[in-house]
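Please read through the structure below; I'll follow up with questions.
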Amino acid sequence: MSELFPRKQIIGFVFSLVLTAAALAVYFLKLSFAQGMVVLVVTAFVQALLQLVVFMHAGESEDKWVIYGKVFFMIAMALITVFGTLLIFLWDM
Amino acid sequence: MKVDHSLPLEYGTKQNGLNIFGFWVFLAAEIMLFATLFTSYFTLEHRTGSGPSGTEIFEIAPVIIETLLLLTSSFTIGLGVHAMRLGRKKAMMTFFVITLLLGLGFLGFEIDEFITYIHDGATLQTSAFTAMLMTTLGTHGLHVTFGLFWGTAILLQVKKRGLTPETANKSFIFSLYWHFLDVVWIFIFSFIYLKGMM
Amino acid sequence: MEFFERFAIPNPSLAIYASMVAIGLTVVAIIAGLTYFKKWGYLWREWLTTVDHKRIGIMYLLSALIMLFRGGVDAIMLRAQLAVPDNKLLDPQHYNEVFSTHGVIMVMFMAMPFIFAFMNYVVPLQIGARDVAFPRLNALSFWLFFFGAMLFNISFVIGGSPDAGWTSYFPLAGNDFSQHVGTNYYMIAIQISGIGSLMTGINMITTIMKMRAPGMTLMKMPMFTWSVLVTNLIIVTVFPVITVALAMGTMDRLFGTHFFATTNGGMDMLWANLFWVWGHPEVYILILPAFGIYSEIISTFAGRNLYGYKSMVASMVIISALSCMVWAHHFFTMGQGAVANSFFSITTMMIAVPTGVKIFNWLFTLWKGKIRFTVPMLYSLGFIPLFVIGGMTGVMLAMSAADYQYHNTMFLVAHFHNTIIPGVVFAMLAGLTYYWPKMFGFMLNERIGKWSFWTLTIGFCLAFFPMYITGLDGQARRMYTYSEATGYGPLNMVSFVGAGVMAISFALIVYNVYYSVRYSPRNIGADPWDARSLEWATHTPVPEYNFAVEPQVASSEGFWDAKKKGHALFPGKVEKIHMPNNSGVPFIMGAIFFVLGFSLVFSLWIPAILSLIGILACMALRSFEQDHGRYISVKEIEETETKLRGAK
Amino acid sequence: MKVKSALLLLVLTIATVLTGCEPLMVLDPKGPQAERQAHDILLSIGIMSFIVIVVFAILIYVLIKYRASKASPDYEPPHIEGNKWVELICVGIPVIIVTYFSIVSVQSNNIVEAKPIKYQDKDPLVIYASSSDWKWHFSYPEQNIETVNYLYIPTDRPIEFKLYSYGPITSFWIPQLGGQKYAMSDMVTTLHLAADEPGEMMGRNANFSGKGTAENTFNVTAMSEKDFDKWVKDVKKTAKPLSEKKFDELLKPGHLGQMTFTGTHLKFSPAPEHDHSPSAKPEEGQTDHSKMEMDMDMSDHQNHE
C-alpha cells in the first residue's frame, strides 16, 4: 500500500507552499531592496529545482545527466543573457 | 510496436523515450524564450513613459490566489502521473480534470487582472513597460490556454483508448509542460510582482 | 480599390516589373510542365508528403541553391551600383531594399537551408540511424522554412521589400520611418522559418543523443555529427530569443506598442540587443557545420584520421558557449561604458583560441597524409588561408576601441564576408561536391569543378580585399553612392569585377550539374572517394531504410575500420524495419502558415484568425491521429539489397 | 601552387598599402584618440600577420611535401591521435596573444572613453551634435551659436560631443579625430575627441538611417583657438537667431547646405538627457529636479519670444 501513497508529491507541495510564503515575506515585511532580492532569488530557484526534481522526474531516465546538463546549460545561458543585457543597458551606461 | 515492460508505460517504446527526451529539449528552449521576455522586462521595467508604474497597478490578493491555484494544479497533475504509473486510469483522469479546472481558474483570475489593468489605463499601447508586462504575462497565459486545450485532447484520448504506451506518454509529456508553466509562474510571481511591489 | 492599393509596390521600377513577368511566366511554366508530364501525383506522393530525411535534405538543398541565385543577383546589383562614383543605376530606396534582402536571404534562406540540407541528409546516415527522431516534425520544419522563404520573396512583387537592412534596427524599421509593409514581411517571414529552425534543432539533438548506432559513444561520433550536435544546441538556445524579438517588433508595427519606439519609454537599442543575442550565435550556427564538413573532407583526402579529435570537440563546445556571450561587440559604439566594452571585447577575442586550435588540427591532419587534390579538398584547402585572414580581422574588430573606427564601414563588410564565404559558402560547395554522388548516384565533373573553385577564390579575393582598404579610408557600408572626390572609385570597380568573376564561378557550377547529369558515369559504387565514415557504408542510391542491418562501430571511423582492419560493421541479421508513413499535414500546415503570414503582413485580420484556427486544427488532428507507421518486410529488404548490390 | 603564392603576395600588398604608401583616413590621425586607435590597428595587423604567415608557411610546406602524386603508391598514412605538447603550444601561443590584446584593448577603452590625456588640464568644449534625417545640427552652448552640417573646432582643446538624434539611430564619425559613436533619440551619448593640428576633415553619419544616409556628411575644420574665437565673434555679428519655427523646418527630412545661427535649439528642444539615467527608478527628488529644469527652459524660451 505504501507505494500508493504519493509521499514525494505531498512533501514537494508542502515545500513549495512554504517557499511561496517565504517569498511573500518580501511584500509583507518591508525588507530592503537587497535583502528582498536575495530572498526572491533563493526562493525562486529552490522552488524551480523542487519542481524539476520532485514533479518533473528529471532524474529518473537513462538520460538523466543529459537532461540535467541541457537544463543547466540553458539556465546559464539565460542568466548570461539577462545579466549581460543589464550590464549594457543599466549598469554601465 | 515493441513495448519494454520493465519501464514505466510512458517510456515503454523507443519512440516514447525519444518523445520525452525531445520535449525536454523543447522545454530548454522555452527557458530561453522566457529568459528573453524577462531580459526585456527588466530593461523596460522603469521606462513607463506617461503611463503607470508597476507599484501603481499591481495588487497582491489576485497574485496570491493565482499562485496558489497554479501551485496546487502542479501538485494535482503530479498526483495524476503518480496514479497513472499505478495503472489507475480513473484516479488519473480525475486528477487531470482537477488540474485543468485549476488552470481554468487561474486563467479567469488573469483575465480579470488584465481587465483591471486596462481600466487603470495600462494597455498594450500605453508605454514600453505596460506592453512588456502584458506580453510577458500574456505569453505565459497563452501557454496555459494552449495547455488547457491540449490537456483536454489528451484526456479524451485516455478515456477512449485507455492507458496505452501512447496515451501514457502524451499524458506524461503534458505533465512536464504543466510543471514547467508553474516554474515560469514562480519567476513571474517573484521577479515581476513581488520585486515590483517591494 | 483602396483595399488593393496596399498590395502595390511603393516604388516600382523596370527591373521589378520585369521580374514580376519572369516570376509569373516561371510559375505558369512549372504548372504547365507538371500537368503535361502528369507529374502532380508523383510530386505529391514522393516529395510534398515525404518524411524521409534524405528527400527533405535534397529539398533543402534545392531551395538553398535557388535562394543563392536570388541573393547573388542582389549582390551583383549592389556591386554594380557602387562600381563607379555617382552611379544612377539604382535609386537609394531601391538600393536599400536590395541590400536588406541580400542579407536576409543569404543568411536565413540560403546558408541556413544549406546546412540543414547536409544535417538532414548526412547525420542519420553517419550515426547509422533509420531516420531522424521525429520524421513528421522534420517535414514540418522544412515546409515552414520553405513557406517562410516564399513569403519573404514575394515581398519583392507584392507590397514592397524590407528596406531597413538585414538587422532592421529600430526606429528606422518602425512605422514612422518605414511606412510600407516591407518590414512586416521581414518580421513574419523570419518568424515562420525560425520556428522551423527551432524544431530542427530539437529534432537533431534528440536524433544524435538517442539514435546512434551501437558502439558509437559520444566521443566516437564522426566530427560532422559533433558539429551538428553543437550547432543545434546553439539553435535551441538562441532561436527563442529572435522569436521574442520578432514578436515584439511585429507588435510595434501592427498593434502600436512602444517596445522599440522612441516615445512612451520605448528603447530602440533593445531590439539591437536582442537581435544580436541571436545574431552572433547565428553566425556560429552557420560556421560550425561548415567546420564539420571540412573535418570530414580533409581527413578523407589526406587519407588520415582527424588529428586531435578531443581538442576538436572541446573547441567546438567552448565556441558554442562563448558565442552566446559576445553579442555586444556588434554595438560597441552604442555608448555603454568601458567596463561593458572590455568584457565583450575579451570574450570575443577568446573565441580566437579554440578556432585557432581547429585550424592547427586541420594542418596537422594533412601532416604525413597522402593528399589528393579533389574539388572538395580544394575548397577545404582554400578555406584555411582565407579564413585565417578573416579570423585575423575578426580579432582586430574585437578590440573595442579600434572598433570605433571599423564599425559600420566596408572593413566590417569585408571581414564578415571573408569569414562567411570561405567559411560557409566554400564548405557548402565542398559538401555539395562531396555528397553529390551519395545523393544522386553520379559524380560532378572534376575539371569543371576545379575551374569553378579557382574562379570563386580569385573572384572572392578581388571582390572583398579592396573593401578592407576603402573601409579604413572611411567608406561607410550601406551607402548607395559616393562622390568621385573620395577616391573610392577604383577599388570599388575591382570589387565589382570580383563579383563578376564569382558570378562566373556559380554559372560554372550550374553548368557542371548539367554536364554531369548528361555525361557522368553511373557505376561509381557506394564509396567513390575512399571515405572513412558510416554514410559511405550503405548503398548508392541509399535505400529508404538507410541500413538493412544496424551497423556496429568501434571508433569514429567505423567504415574505415571495416575496410582496413576487417571490423565487422554489420554483424546482425536482416529484420523487418519500422518506417514512418508519409503525411500531407506538414505541407498543408506550412501553406496555412504562409496564408497566416501574408494576412498579418497586410493586417487582414479575418483570414489571419481563420488560418490560426486551421493551424490549431492541424495540431489537434495530429494529436488524435493513430499512425503507427509501417513495416518493410525481410523479403522486401533482401530483394532491394540484392538489386543494389548488383547495380554496383 | 601559383595561386597560393599570388594570394600571399596580395596579402603583403595590402599590408604595405595599409602601412603608409597612401594615407588611409583612419591611419592618418589628427588627434590623440584617433592616434591611439590607429596605433591599435597597426599593432594588431602586425601581430596577426605573423600568425597568418605561420599558417601559410605550414600549409604550403605540408601541401608540397605530402601530396599523393609524390607519395609511393603503397604509402599508408599513419594513425596519429594527437600530441599533448603540440596541442598545448597551439593553445598557448594564441592565449598569450589574446591576453596581450586584451590588456591593450582594456587600456584603449579607458583612454578613448575619457578626456584625452594630452589635454587633461584643459576644460572641454561641449558641443551638442544631433542628427535629423539627414543632417547634423551642432549646438555650441558655451558660445550660444548653432551650425548645420559643418563643424568648427579649436585645436589643442578637448572636445566633448553630446550626441543624440531626432530620428533613426545615426553614428557620428570623424575618422581622423577618432572613432564613431551612436546618436539615438532616447538618450545622450558622449564622445571625447580633440584635434592636434588645424585642417579640414570629413565627418559623416556611418550608421544606415534611410534614403539619405550616403549624403549625411559634414565638414570639420580645426583651427587655432584664436581663429575659433574670431569665427564665433563673426557668427554672432552676422548670423540670424534660430527660432523654434525655423528649427522645426530644419528637422523635416531632406538635405540642407551649411547654415549658421545664433542661439541653440537646446532651449526649446532640449537633449534627451533626463530619460537616460541608469537608475531611472522614479526617485522623488530627481523627477522634481528634471521637471523644474524643463519648466525653467520653457519660461526661458517664452521670454525670448
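Going by the order they are written in, the chains are A, B, C and D; count residues from 1 in each one.
One rule holds for everything that comes next: a residue touches a chain if its C-beta (ideal position, glycine included) is under 8 Å from a C-beta of that chain, and two chains touch if they have at least 3 such contacts.
For clarity, every value in this text was computed on a predicted model and none was experimentally measured.
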In terms of C-beta pairs in contact, which two chains are most connected? C-D
By C-alpha centroids, what is the most central chain here? C
The distance between the C-alpha centres of chain A and chain C, rounded to whole Å, is 37
Length of the line joining the C-alpha centres of chain B and chain C, rounded to whole Å: 34
Could you give the separation in Å between the centres of chain A and chain D, each centre being the mean of its C-alpha atoms? 44
Multi-chain contacts only, two chains or more: what residues does chain D have there? 187
On chain B, where are the residues touching two or more other chains? 17, 21, 25, 28-29, 32, 36, 39, 43, 47-48
Residues in chain A with touches to at least two other chains are numbered 63, 66, 73-74, 77, 81, 85, 89-91, 93
Going by the contact rule at the top, pick out the chain A residues touching chain C in the complex. 63, 66, 73-74, 77, 80-81, 84-85, 87-89, 91-93
Give the list of chain B residues in touch with chain A in this complex. 11, 17, 20-21, 24-25, 27-29, 31-32, 34-36, 38-39, 42-43, 60, 64, 67-68, 71-72, 74-75, 77-79, 81-82, 86, 175-176, 179-180, 182-183, 186-187, 189-191, 194-195, 197-198
In the complex, chain C touches chain A at residues 209-210, 233, 236-237, 241, 267, 269-270, 273, 277, 321, 324-325, 327-328, 334-340, 343
Residue set of chain B touching chain C in the complex reads 1, 17-18, 21-22, 25-26, 28-30, 32-33, 36-37, 39-40, 43-44, 47-51, 124-129, 131-132, 135, 149-150, 153-154, 156-157, 166, 170
Could you list, by residue number, the parts of chain C that touch chain B in their complex? 133-134, 198, 201-203, 205-206, 209-211, 236-241, 243-245, 247-248, 251, 255-259, 261, 263-267, 270, 273-274, 277, 616, 620, 623-624, 626, 628
